[in-house]
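I've put the structures underneath this note.
Next, two complexes with chain A in common: one pairs it with chain B, the other with chain C.
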Partner chain A sequence: MIDISLFVLMLLGALLALAVYLPLRAGQLSLATPGFYTIGGTVAALLSTQLPGLGGSDAVYPLTSLLLEMIVAIAVAGLLAFLIGKPVLKLRGIYLAIATIALVEILRVVLLSSPWFGAAVGIFAIPQPFEGPEGYLIAYGLLLAIVAWACARLERQPLGMAMAAIRDDELAARCMGVSTDQVKLIAFVLSAIVAAAAGVLAAHYFNSWNARQANFDASITTLAFVVLGGSRTWLGPVIGGLVLTALPELLRPIGDLRLIVFGLVILLGPIFIPQGLIKSKQS
Partner chain B sequence: MSAPTSTNNLLEIEQLSVCFGGLQALDRVNLSINEGEILGLIGPNGAGKTTLFNVITGLTAPSHGKLRWQGNSLAGKKPEQICRLGLARTFQNLRLFRELSCINNLQVAMGSNNRRAALELLALVQLQEKADAAAASLAYGDQRKLEFARALATKPKLLLLDEAAAGMNPIEKQDLQALVQRVRCQFKITILIIEHHVPLMMQLCDRLAVLNFGRCIALGSPEQVRRDPLVIEAYLGSQR
Partner chain C sequence: MTATPLLELKQLGVRYGNIWAVRQLNLSIASGECVALLGSNGAGKSSTLRAISRLLPAAEGQILWANKCLSSFRTESTVRLGISHCPEGRRVLAKQTVLANLELGAWLRRNKKAIKIDLDYCYQLFPRLAERRLQLAGSLSGGEQQMLAIARALMAKPNLLLLDEPSLGLAPLLVDELMQCLAKLNKDGLTMLLVEQNVYAALAIAQRGYVLEAGELVLEGTAQELRKNSNLRRSYLGDE
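So, the complex of A and B:
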């Protein structure tokens, strides 16, 4: 029997996968997604529990407040990504990955050690805008639809093409007049925005929020979504996020063996389908 | 050999030197490129031709010397800025956006998703039927043509072609010559071309510059250059 909450998590997985996909489309291996996701969740948790004016004590948390949280979270994460992205994106390949892992770790430690952010216990009793998981399913579905639509549009725009050009050959892209630093920064900021928006909903859905949301495991899991699904079009990460979130649950009947199967999928995927499940239409 | 500064000098290269550690890749090169001309750059392997291209397009910083584009210094400009000033290049070892379609390759260079303009450029190099094929799937000669079109898509005033005919068969070389000449007239651009096929360069270029061991040893009409004893020595060795 599959619970409806699994579908909510699958949609969340797809959103986070799109957040990983955006910089990766521009050839930038950023593992910062869980960090910005955590920022989104923390913003939502703080605002909804600390600002009575938003309606945290109402029977049903107002959707307008949820929207407001979303805007604040997007602004905070976007600004942070902009400021951090400038220096960090000067790093290439694996060094960028390492720097972004460090970013997630720093964030986790900051949250863990400051009572203001809930410290080790976290923030509890986050008010509920929806009565059951169905509401979250619709909200996540809507958010995913918007983000996926925006990504699909982006891919046909000069910016999206420039991102793919950087992935293929950064030097040639520069020689063809592409401001590669700027394009990479935009991709990084967009990624942070998507992750933060997903985090806002997650904080409400999980009802409590703590520093453990930002960790290295989450970085790798979200990366695996894109590795399996493919990083050439928006559909790849979406499929990857849905499948890999569902897989451990679907495999639950086989017990601990499921972890082995899950590991094999991640291991064998890049070997047999290096471009991922969803390939670009040209090849 | 230092040309007088006149208004029709598009690019002036003055006393340009590049050292890689102990290697003097370019040694006090002076060269002025006149608006509208096809200037050929020849010389043995390792003479510094591609290094000169890399300096002009901002990929390599000069150790000494100056570059002036329409009277303004190019010092410290990034490759993308130089491209936007109107200098575009192709690469000796093709550097296409391999996974992108042909048309997307051009659209990136144009900075717009105007499909019609991109198709027109593809038609110019007779690749319109391959518009939606991945660049990497093209035959080698077609990839060269696509790179040529991609450089044109940036709307350059000066087009730098690095070994434009490498790997092409004689018929393709003839086509390329016609194409370069047509493009010069149609787009009113100046062309600096590196190519090893000397007979082609003799026919195609208004002037030829010869590099050897990083020095510009000859500059003039193809006829002048062909008779230059220094050039003959560089290519065939000294008579003693």
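So, the complex of A and C:
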């Protein structure tokens, strides 16, 4: 019997994969997603534990407060992504990836060393808006549905078309009048917003939050979601996130071998299905 | 010419680091003209086009569009003004359909009806693109990709089309076909700046031409004069 909490984690994986997918659609390999995810979680953890007014009178944490946290987290992550994105997006290809890894590391060190954010111990006893994992399943399902729907729409909008054009040929896109700097920045900010929203729910779900959520492993895992799932349409990252989150758990019966199998899947995936599981619809 | 030229380059200089690609270039194009910019590899032709569409900064001199200086403009603003740059090497989006490529060309435009009219015009000009509109651009032949690149540039509804070596890598028959299409576009009123190494083909459709050598202007004149010029014939047309 598979635990319902696995499904919650799968949905979280799919959301983070979409956050990686957004800049990648515009050809930008950003590994900053766990960083913005951590910012979202930290904002939620701080607000819900430090502001007694948000808790309300009931035993259950009010949903309106959760929504408020989400708005604050989105604003913080979005603003940070905007400020950082301007200079960082001048870097290309692998250099952007390196800079965003550094960003995640800096964030982790800052959070680890500052007592305001719980330092190395983390923030505990984050209040629960739902009584069981079912509530989180619905909340994550809803969030994923909204983000996936928005991504699907985006792909057919001029903005989404411009993003794909930049990925395929940036100079051609510029010649057609696409403001490439602006489009890249928008994709980066949207990605940060999605990751931060996922982080807010995660902080409540895990009940505690610490800086170790932002690490290099997480950057690579979320990237693997998109690499295996495919990065041409929104469905690829969703499938990749669901499958690759479930895989290590489903393989648990084979013990330590599971990580080897997991590694093989990530290794062989790009070799045998270079476009990912989900290809674009055109022939 | 007494009227204000559509585009005027005054003492234009372009450089990559310490190396000058173009120096002190004076050039003007009147509305409705087709002007050829000729020269061998590395003469500075592409750099000139890139400076006009602001893909490269001008190191010195001025680029004037209807007497307005373009030096503070970004590429997207020049497209908005009506300068459409069809870059060297086709650069179609290989993994997207012909139609998606053409739609991208009209990216800055919002008037769907006008876009549809221009799309039909492109299909009429290049019927093969209409046949293949749902194919991936990467599956087209070289000539078809060049047609697509030109059609995509036309979808921006330009006043001035900058063409960078459209004949590059095409079979002679295809070059003729393409040049006839360009001549037709010019006859329909489109102003063009045509960069070419294929001097014969370019001077067959252009009214005037400029010849660059190592970044400097060495010759200019009407197409007829240039065709007769003995230096040019020796350098590019293989006369003894």
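The rule is simple: the second predicted complex is superposed on the first by the 279 of 283 C-alpha atoms of A that agree within 3 Å, B and C clash if a C-alpha of one lies under 4 Å from a C-alpha of the other, contacts with A are read in each partner's own complex, and residues count from 1 in each chain.
Simple rule for what comes next: contacts are C-beta pairs under 8 Å (C-beta built on N, C-alpha and C of every residue); 3 or more make two chains touch, one makes a residue touch a chain.
What you are looking at is a predicted structure, and each value in this text was computed from that prediction instead of being measured.
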Clash or fit, chain B versus chain C on superposed chain A: clash
First, second, both or neither for A:Ser179, with chain B first and chain C second: both
Chain B versus chain C as contact partner of A:Gln157, first or second or both or neither: first
Partner chain(s) touched by A:Leu171 [first = chain B, second = chain C, both, neither]: both
Chain B versus chain C as contact partner of A:Val227, first or second or both or neither: neither
Touching partner for A:Leu201 - first (chain B), second (chain C), both, neither: neither
Overlap of chain C and chain B interfaces on chain A (superposed complexes): 158, 161-162, 164-165, 168-169, 171-179, 232, 280, 282-283
Partner chain C, residues of chain A touching it in the complex: 158, 161-162, 164-165, 168-169, 171-179, 232, 280, 282-283
Chain A - residues contacting chain B, complex: 156-158, 161-162, 164-165, 167-169, 171-180, 232, 280, 282-283
Contacting residues of chain B [partner chain A, same complex]: 57, 59, 78-80, 83-84, 88-89, 91, 95-101, 104-105, 107-113, 132-134, 136-137, 150-151, 153-154
List of chain C residues in touch with chain A within their complex: 53, 55, 74-76, 79-80, 84-87, 91-97, 100, 103-105, 107-108, 134-136, 152-153, 156
